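Next come the structures, one after another.
Consider the two complexes below, in which chain A is the common component and chain B and chain C are the respective partners.
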Partner chain A sequence: MAGRFFPWGLLSVLCLTFMLVFLVYPLGTVMLSSLRGPEGDLSLQGFVIFLTEGRYLEALLNSVLLGAVVTITATLVGAPLAFLTARYEIPLKSIVVLLPLTVLIVPEVIAAQAWLMVFGNNGVVTRFLLDLGLPAPRFYGWFGLILVMTLIYYVHIYLATLAALRGFDHQLEEAGQSLGTSPFMTRLKVLFPAIAPPILSGGLVVFTLVVGNFAVSITLGHGLPLLSVMTYRSFISEMGGNPVMQSTLATVSISLVALVLFLQKRVVERRNYQMTQGRPGNTRLIRGASAAVLATGVAFVTAMSLLPLLLVLIGSITKSRGPVMHWGEYSMRSLNRVWDFGGDVIINSLTFATQATFFGVLFGALASFLLIKKRSRVTGLLDYLLLLPLTISGTILGIALVQGFNTGLVVLTGTPAIMILAYMVRRLPFSVKNASNNLYGIPDSLEEASISLGVPPVKTALRVILPLMAPGLAAAAILMWVTTIAELSASVVVYSAGQETLPIQIFRLIDSDLMGQASAYGLTVISIILLPIFLAVRFLNLRLFTS
Partner chain B sequence: MTSIRVDALSKSYGAIDVLKSIAIDVGDGAFFTLLGPSGCGKTTLLRVLAGFVEPSGGAVYFGAEDVTQKPTHKRNVGMVFQDYALFPDKTVFENVAYGLRARRVSAADLSARVTEHLEKVNIAHLAERYPAALSGGQRQRVALARALVIEPQVLLMDEPLSNLDAKLRIQMREVIRDLQQRANITTVFVTHDQEEALALSDWVAVMRGGRVEQLGSPYEIYSNPKTDYIAEFVGAANLLPAKHIEGQPGGVVVCDVLGQTIRGQCSVELLPQSLKLVARPEETAIHEANQNIEHCGSVNCLPGQVTAYQYLGHKSAYTVVLADGCHITVTVPGMERGDAIPEGTKVCLDLGPNPRFVSAE
Partner chain C sequence: MKRILKFALAGAITLSAIAAHAEEVTLYTSNSEDSVQAALDAVKAQAPDLNVSIVKAGSGTLLKRIQAESANPAADVFWSSGFATLASFKKNFANYRSIQIDAIPMEMRGPDDLWTGTNVHVMVLMVNDRQLDGREKPRTWSDILDDKWKGVVSMSDPNSSSSAYAQLYGIWKMFGAQGVEKLAKIVATQGSTSSVYKGVAQGEYPVGITMEYAAHRYVAGGQREISLIYPSEGTFLSPEGLILVKSAPHSEAAKRLYDILLSKAAQSKIFAVSFRRPSRKDVDDVVSASGLPPFGDVNVFEVDQVEASGKRAKLLSLWNEAKK
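Here is the complex of A and B:
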């Protein structure tokens, strides 16, 4: 009966407690540490150093600038691509549909590494140009960061724009034209204002992702000070000591993202319009020269997105000696080394990902059920807290967990539990979202029908609702497992000796400039990721990429 | 099978009172309908009976047992939902068997009872289908079978016909009434469709703003409404302002209606300050008036002028403007426009010997 605490209220409180203990408390610890002096006294020393030592401020400005530039370039690539695929029938359209996949199957660290094999110090193009006596472009720093991040993040804009266009009622455009504006002006005056807010929201997501990005920033940033990289380096250098700078930098990042979110709430969300009906128009076929130009553009973007896959495949079977890649000569040595020495790392990755996925999906199933079907004041707060991990970069979440569970009642730092927790908390928003997918369509009357037929509430949830949630849960499990296998930024902060995962191994190999081996491990990660996706799409008919 | 009694029942959400001291009695085996517009509290009352909503005050009895605190799954109620609420991942057979499985009925018995009930609603041939492959009417039949197979104490139906098209609705009405009669099960039916309520029920409670405004047999509700609200909600009614001249309730009451003296019945207990005359469109006769005579000679007569004529097939409707700019609608058997009284013609409306006065707000 409504109004009774047991069992839904109790379960909601338990979920909320989990979030408070493993997210809010650690983040609070970090923010408090930023206000501590060397003796644990209240002090603004961290912020004084941040403001007076130039490189910290420079890092903040660089990160904001990089975020802004990549947001613009990603929008310039993603939005037109979405418009083309939504509205026109162009050659090669069928491959564009696969693009969202690339984000999943090519982890950021592998994308960065693949591009280094092209433009890095020992890259193919760099070598080729140097051999010809020509100056090679400087890939490390701005150029490389902007190129690689644009290619990684434009997919977010592409998906946001596509969703907005699909939800846009085509009749509004027809109405505009019937009232006398030209097709172009109608788009400008009717379509654009309606789809701009969701695209802008996508842009803000990209901005926060760029500012929080670790893998690409640290591999391609080199001498360029960036906030996320500096936070990580402070963490490494302050290990065991006073965590002032890491906390200060983390607090600055959190405040920056909070500001962006505030802007989104105040400016963007207010301009979101409700479409009464979404009737997307028919796609138009274009032929001739314009089709060729557009198809070339689409093909170029697609090829650039998929290139890392090919590069890693080639890199892994290319003969290499130390940092030198012998392009054109092939050898199985790198792959054999993975086979001989990579066992522990692969097993670590698989066990951590499997456990994190198990608990993450369990929590996701319960939380999404409570959020959608058993709304209360507690679930309102839970809903809000579940968004929080989206805005916290992996590095900062890792630092927060290490600091929060370093000492005191529960010591988790150094145990596998902290790895699993980090993965779980990081992916909870996605887990809950995917688990909810099927829930919205289930009317409350279904549960009531079961209860009226004599099945008690909890049993009803398990017998009636859970089977209907199954496809969403399967998708949640696969996506969580796959993204956890690829996770680097939190792993690299929380892991201890013996807990190395595949992305950590790749990161170390890139750091040592051992591209052949890094490629071999990269290929391993991609294979591990592709397998469940292939199985899910082939045998479960899961639609993983509809959002 | 059991009677239902609801005593001083109230429900409020914060400051909003959704149900205000409801008292109803549903006899054993009766078909009882809660009729009212959306937001009148009828669905909330049904959900209190089912146990989905905990009342703020008052009590619900099934027979002699106070079930107010009893959770739904222990109440043994059969419920039919507006959207049918069929389990989409279960076949028709499994949907109907669901409640029996919860009661741990033996396999042989279960199969026999499910088949028996599927036959009762004529869908035995659909047993292995999934709900998605059924038409609206078929889904409705599954929902009925599923609710009845558990042999519930009471059957509760929440606007079960509102998702069906007009023809099917009338067909399903007969199915529901027939099943209810055969099972002789106490039934509470919620609807906003007055025709449905009149056609199906033994008793109708017309609800408004969380209260039961009038309770009676369908005939009583239609022929003897107590308030202008009921008169207008149940069937079509023209309501005209009336001023009391003489007479007591229960007998003949004389009122002034738009300057004419009208004699009629009034069943309202206390004669309120303001009364209204109910003129049903189909009970009012229309005659062309003699140009010279204002009054057509009948006892209860109102003069007017035709302003519009609409042909509706089985009937035609005149709109007539009366004194003070009041409009009323009068229906007559359908006829060719050329045979109808032309617009602008002065007419006389005969209200019959016994029009009714109701209380108005």
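Here is the complex of A and C:
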């Protein structure tokens, strides 16, 4: 028994302890402090204020409504797009398959900012309409939020639908049709019930992401109370004081997401169909008017997805005087400003992201090995805890870490360690998932052979298994690095003076309405993100966006 | 793979080593990013070895934070907030007589050198002509205290913004408690000062109660539909000050930063990008060259900053009650 505990059992316990200390304990602290009164006594004061004062309740309702609407609109964009790309040969198909990539790498704060340059003050379209004497749409509030979030989150539905369609056995459809049902009815009665549950699961992911979204909400939500923004504002205004409202709001968000996940388990999982090995049908070539219509639709979605990248590029070289952009006139002033003054911010971003990635991938490699190859009760619990960071928003994770570690035994608030921890914990689920991609294919017999030849277990893992995991780990490292460079919602809560990162700088510049400079920093972020992706794809032949 | 990791780690270590070499000082500031940048430009020119870390948030938020951190201060210098708000937090400030003090007029100096005025805010109505929807452009404070402006006049929350408190206090002096209640009912309050002028510039609100400098940035930038109204009953002034935090962790560097922020070069530079009227006596020529009306032409309704400070709690509760 002792031999079996050491070393894998011990390492599993260590991984579990890490999750308990840096995730479960801080979250517990937040939930407990929502029940504390001003003197540390047990009190429901926070919830009383939530229900009766201010606009908290309105914020909750708005967030739920926004989540529901964006889930529907994202499904309406993502699912048909996936269906078209899976079943038909359409023009632009090679670009469409790249869409998830562009949307995943453009930081949300930049997407929001780019759209502001179209429809916001002095935006290209706004100015154009106003010059013609036409009313410009009011981009702040519902319109902007729904549009931008749909264009960011439809990718999740698109990927979920695509996976479901690939797994669907095409012969079922053929069977339906050979029994005399029309193609449309077959799709409705056979295909639809089979792919609906995964789409619904994708939808719930979108819902939780929208409710937790910080960057777009705070940039475009002017005057419209939203839960995530209110949580952040309470955190800022309660800094150093009694954290009642931030804890209450965080607890409300956590409960909301928990409720949604519970419903998912009850409703969606019951309806899952088991599919024997799917045989996807051949793609069909379409021509004529319907092809033109479909291609236009696809091209439209493609263009809308790529627009932020283009706009940030143009914005960064457009002349600006204070907050006013002069479209059509060019200047290198904003980029020069980044060059002269952005050094510290860029260094911060690179340093934090590199360290977080290093530890994150280390943890991911170990945890995925334990989860897949060394299953036990401990790893079962670990597996479960690794889902948690997916469901809580960055803002709440940040608040939890700050509250959990600002007094007591280990004080981390204000140190670089808390930034790195926030990034690391936030991305752990992805790191573990990407690291495990190669692991399923490695037969246990390989490890057993090495051990039976006298190589100790740990050495076997390092010398035999690790090299086989390497491509997966490299992909995990690059994905973790680029998403960490773009992270805003947790870091904007935990950072202290001198620890500003690129997204925080962009966020501040947008707040002061300095779009030209914000674009210049945006371009910097995008270049930093694109470079390693390009190198990895070009020279290491990594397939980064397969799953 | 190993080599990549080694390279990345080495890179990270070198990068952090470069960042560490300089004299550190932490500045808490509520000013807009371009003003802060202009200030940093001045620091770079006058003291290249000074490495300023910035924490940005609303002035009320930052002052509360300085108060909360008083046992173990993290901030060195705070820039800037209205005198009335500063007075309520003076326990947390150190006395410091800047080497620049002779250039600052008496009325811009804080008691016992607890703070020094950096600039004067002039409260204005910022109007977006395109969004008026047929309403007549307001000319006076009493114009906007009318039901037809309900929900379309934007103002920051006086609980967290010192400039909004200065506006609230001025309205109270001019129209009494009824004026405050009316104002609370009319205006749409924003979470931050910047939301007010951004909202007007972006056409979200036709009118905003804000500061001259913030509104003039858009006029100077070339946004034609934006105009500034100096209400004819007289506008309110809110001098803003700079403070040295008591027991600041880097007090020597903090004093250097403090002096630089008051210097003629810094004040002219900050004015040139942000149009904050400087507190120094010797920069009038810079102001008159900018297109802003000279101080002599602005009709001012005098308010007493000391009284404004004393009335803060009372007026805020009046406001919050009316807002409910």
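Convention: the second predicted complex is superposed on the first by the 543 of 547 C-alpha atoms of A that agree within 3 Å, B and C clash if a C-alpha of one lies under 4 Å from a C-alpha of the other, contacts with A are read in each partner's own complex, and residues count from 1 in each chain.
Throughout what follows, a residue touches a chain if its C-beta (ideal position, glycine included) is under 8 Å from a C-beta of that chain, and two chains touch if they have at least 3 such contacts.
This is a predicted model, so every value here is computed, not measured.
In the superposition on chain A, A:Ser445 makes contact with chain B only, while chain C stays out of contact range. After overlaying the two complexes on the shared chain, residue contacts for A:Ala136 are found with chain C alone; chain B is out of touch.
By the touch criterion stated above, A:Leu468 is placed in contact with chain B alone, chain C being left untouched. When the two complexes are overlaid on their common chain A, residue A:Phe341 makes contact with chain C while staying clear of chain B. Of the two partners chain B and chain C, more chain A residues are in touch with C.
Within the superposed three-chain model, A:Val205 lies out of touch with both chain B and chain C [touch as defined at top].
Contacts of A:Ala497 after superposition: chain C is touched, whereas chain B is not reached. By the document's definition of touching, of the two partners only chain C reaches A:Thr354; chain B does not.
Across the complex, chain B is touched by residues 1-3, 443, 445-446, 448-457, 460, 464, 467-468 of chain A.
On chain B, the positions that touch chain A within their shared complex are 50-54, 71-79, 81-83, 85-89, 98-99, 102-103, 146-147, 150, 156. Against chain A, in their complex, chain C makes its touches with residues 1, 4-5, 8-9, 11-12, 15-16, 18-19, 24, 26-28, 32-34, 37, 40, 53-58, 60-61, 64-65, 67-69, 74-75, 130, 160, 188, 190-192, 194-195, 197-199, 201-204, 217-218, 220-223, 225, 273. Residues of chain A touching chain C in their complex: 120-122, 126, 130, 136, 138-140, 222-223, 233, 236-237, 239-241, 320-324, 326, 337, 341, 344, 347-348, 350-351, 354-355, 357-358, 414, 470, 473-474, 496-498, 500, 508-509, 511-514, 517.
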